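Naming follows writing order (A, B, C and D), and every chain is counted from residue 1.
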Amino acid sequence: MSEPLLQAVNLQCERDDRILFRDLSVSILPGTLTRVEGPNGSGKTTLLRILAGLNDSYSGDMLWRGRPRHTYREEFLRNMLYLGHRPGIKPLLTPMENLRTLMAGRRYVTDKVLWQALEGTGLGGFQNVPSRNLSAGQQRRVALARLLVADEPLWILDEIFTAIDIHGVAALERLLVERVASGGAIVVTTHHDFNLPSMHRVTLGGRHDHGL
Amino acid sequence: MWQIFHKLGSPKWFFGIASTLMPWLLVAGAALLMTGIVWGLVFAPQDYLQGNSYRIIFIHVPSAFLAQSVYIMMAVAALVTLVWRMKLADVFVTAVAPVGAVLTFLALFTGAVWGKPTWGTWWIWDARLTSMLILLFLYFGVMALGAAISDEKSSARAVAVLVLVGVVNIPIIKYSVEWWNTLHQPATFKLTEKPSMPAEMWVPLLLSVLGLYLIFGWLACLRMQTHILAREGRTRWVKELVQAREN
Amino acid sequence: MAFDSFSAFLAMDGHGPYVWTCYAVFFLLMGVMTWWSLRQRRAVIAQQRRRMAPTPSADERPAAASFTRIESSQD
Amino acid sequence: MTMASETKLPVRTSEESVSALSAMKAVFSRDLKTAFRQPQDLLNPLLFFVMVVTLFPLGVSPEVSFLREAGSGILWVAALLSVLLSLDHLYRHDFDDGTLEQLVLQPQPLFLLVLAKSLAHWVLTGLPLVMLAPVLGVMVHLEGNSVAILCLTLLIGTPVLSLIGSIGAALTLGLRSAGVLLSLLIIPLYIPVLIFGTGTVMAASESAPVGGQLALMGAFLVLALTLAPFASAAALRISLSNS
């Protein structure tokens, strides 16, 4: 058993006077896919944002490789890739420029590789078109292109199948499966019916208005 | 050490302490303030320059003094909020800001009214009054930001950042306003800075400052308790406490 | 005692209105602040008590969405 | 893909990261690039600046003596307001399209990235104002030396406005009526810069030495450069946490 990359211990989060979850403990191991499930409003996105370090209004401990995450923040961020609801694409920039700036603070990647990554997500020929001229699905594909060059061992992906067509979804699923097989750790939320034999599940309940 | 600190941060512990402390604060504060004011109004001698209008000093100075020190206290609490995430500290900042704003307004109002018989005009762009006005703006900013963010924790932390930024700026503002004042009109004489104030004047002044401090303490406890009740509604001790009251 | 009579005390050599306005506003605002704080506290306690009262629908499970159209005649 | 080590991907330590400086450069150049693709947004604060200055001769008095005396104040207030006007955009677009999340998640010290963004904001708004100021200075009948000093104070002062403003923009991110709230929070903090900006020009017009005041404004700038990015970074984290 390899050591967990990221652990959440006794996580509790309340928002606007409502407890979303409590005593939640999750371990993210290399080579696993964890799916966060639950109805609308159950706090899936909030949990993912907490795991990614974007939301810090929680109580409980977050450990990165067994150590407090906040003291190893930069190392954690270096090894974690987060794709959220909002794709992180500037409409005024071209896909190439977008991808270049997204990678800029993380790792040197040649333009040739980025070009290929965009081709790989089906954006061949659109590399230098302003992103605002692209469809919603194509804009998401720009963000997804990062997955083709990402070397981060931990991926946290929020609703990545949104606005992607059937072929795209199938290819994306394949990518995730391969990534897990080669040792990557992935956390996803999706309403899309996505099943893997060895998938871990974290199920968040519905409403908790009561509680002590 | 850490244990004590942690205990200090516990809302339940604070609630108990505050409840026992509050009557004393109120009684002692009111007694001191009233003594100071009555002494100042009735027994203190007349000022040789300003006549009887100077008697406003016995509320003007305490208000101005408190208005500034409340902001400093808020800044200390804000630092504690951001560094140690102590619940009580954020409760303090949000609970006390309106009190600080009211005190600042009182300092401004009494200063302006005092200015009328002294300078012959209601408002004068004097360095102290102007700084007070800016302090009032800072309080308004704190309150507006606190009200605009619905989530209490985020609100407390955002307000803490603002208060800290403000407190770094206060000395700069004070200094620049004083410089600006000398640039435009050399100050002739200031309201409160007397070359030598006889004991019959400064003793009641000291009493009323102390009294207002204690009353502020009482108000702060009261308002913090309210905020704690609102926030900790889910905990057992608050439920028991609410139930035990009045039935 | 700095004043000879009560009326002299009220008049304060003509500065009376200024002094008394200041004191009146001071006590008024401090009073309002206290009253408001006490009222807020009472409101919060009442709200907590209301929240603690058992709600009739103890089963908090959200109803499954059916997305059936609501028929309403539009004559 | 290396299939040799089957269950472990290498975890990278921070030393292997891209240098903070090149990350800052990337943020800075991205902001400039996006701004130049939407030039209208760049022009608006400038037009606002010119129009506010025009209001004073029309609204108060076109007399040379009045304008000469009040000119530096008018220009400074107008510059301050137009910077304030442009602040709302500083993080809002990035917040809406999700690039802000990615910025915060970069394995870099956030305050440096925030500093890069504030500097880009200054280059896009403050610097054009400084360049426009001589023309308006002449229009309000400031004399030669005063115009030069005015531009100098604006050059030192407007970065301070951007840096402090960045804190307010970060604090009000994602709130309703963020624009008005932003002004409410930031204007009191702008007062020292305004006082010294106009005071220096006035002293210069009375041919008093201004070296001390300029040095003091420089000190404000240094203080803002060192402290404001930390406050903005903290504020950004809080605002994102709340979204």
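Note that a residue touches a chain if its C-beta (ideal position, glycine included) is under 8 Å from a C-beta of that chain, and two chains touch if they have at least 3 such contacts.
Chains and their UniProt names: A = Heme exporter protein CcmA; B = Heme exporter protein C; C = Heme exporter protein D; D = Heme exporter protein B.
Computed from a predicted structure; not experimentally measured.
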| item | value |
| --- | --- |
| Chain centroid nearest the full-protein CA centroid | D |
| Pair exhibiting more inter-chain C-beta contacts, B-D or A-B | B-D |
| Between chain C and chain D, centroid-to-centroid distance (C-alpha), Å | 40 |
| For chain B paired with chain D, centre-to-centre distance based on mean C-alpha positions, whole Å | 32 |
| Chain A and chain B, separation of their C-alpha mean positions in angstrom | 47 |
| Chain A and chain C: spacing of chain centres that average the CA atoms, whole Å | 46 |
| Set of chain A residues in contact with two or more other chains | 57 |
| Sites on chain B at which at least two other chains make contact | 151, 154, 233 |
| Residues of chain D whose C-beta touches two or more other chains | 241-242 |
| Chain A contact footprint on chain D (complex, rising order) | 1, 3, 5-14, 16-18, 22-23, 26-27, 30, 33-34, 37-38, 93, 96-99, 101-109, 113, 237, 240-242 |
| For the chain A and chain B complex, residues of the former touching the latter | 15-17, 19, 57, 211-212 |
| Complex interface listing, chain D residues touching chain B | 164, 167, 171-172, 175-177, 181, 184-185, 187-189, 191-192, 195-196, 199, 202-203, 220, 223, 227, 231, 234-235, 238-239, 241-242 |
| For the chain B and chain C complex, residues of the former touching the latter | 37, 41-46, 51-53, 55-56, 59-60, 63, 98-99, 102, 105-106, 109-110, 113-114, 116-117, 215, 219, 222-223, 225-226, 229-230, 233, 238-239, 242-243, 245 |
| Touch list for chain B against partner chain D, complex | 82, 134, 137-138, 140-141, 144-145, 148-149, 151, 154, 157-158, 161-162, 164-166, 168-169, 172-173, 175-177, 179-180, 183 |
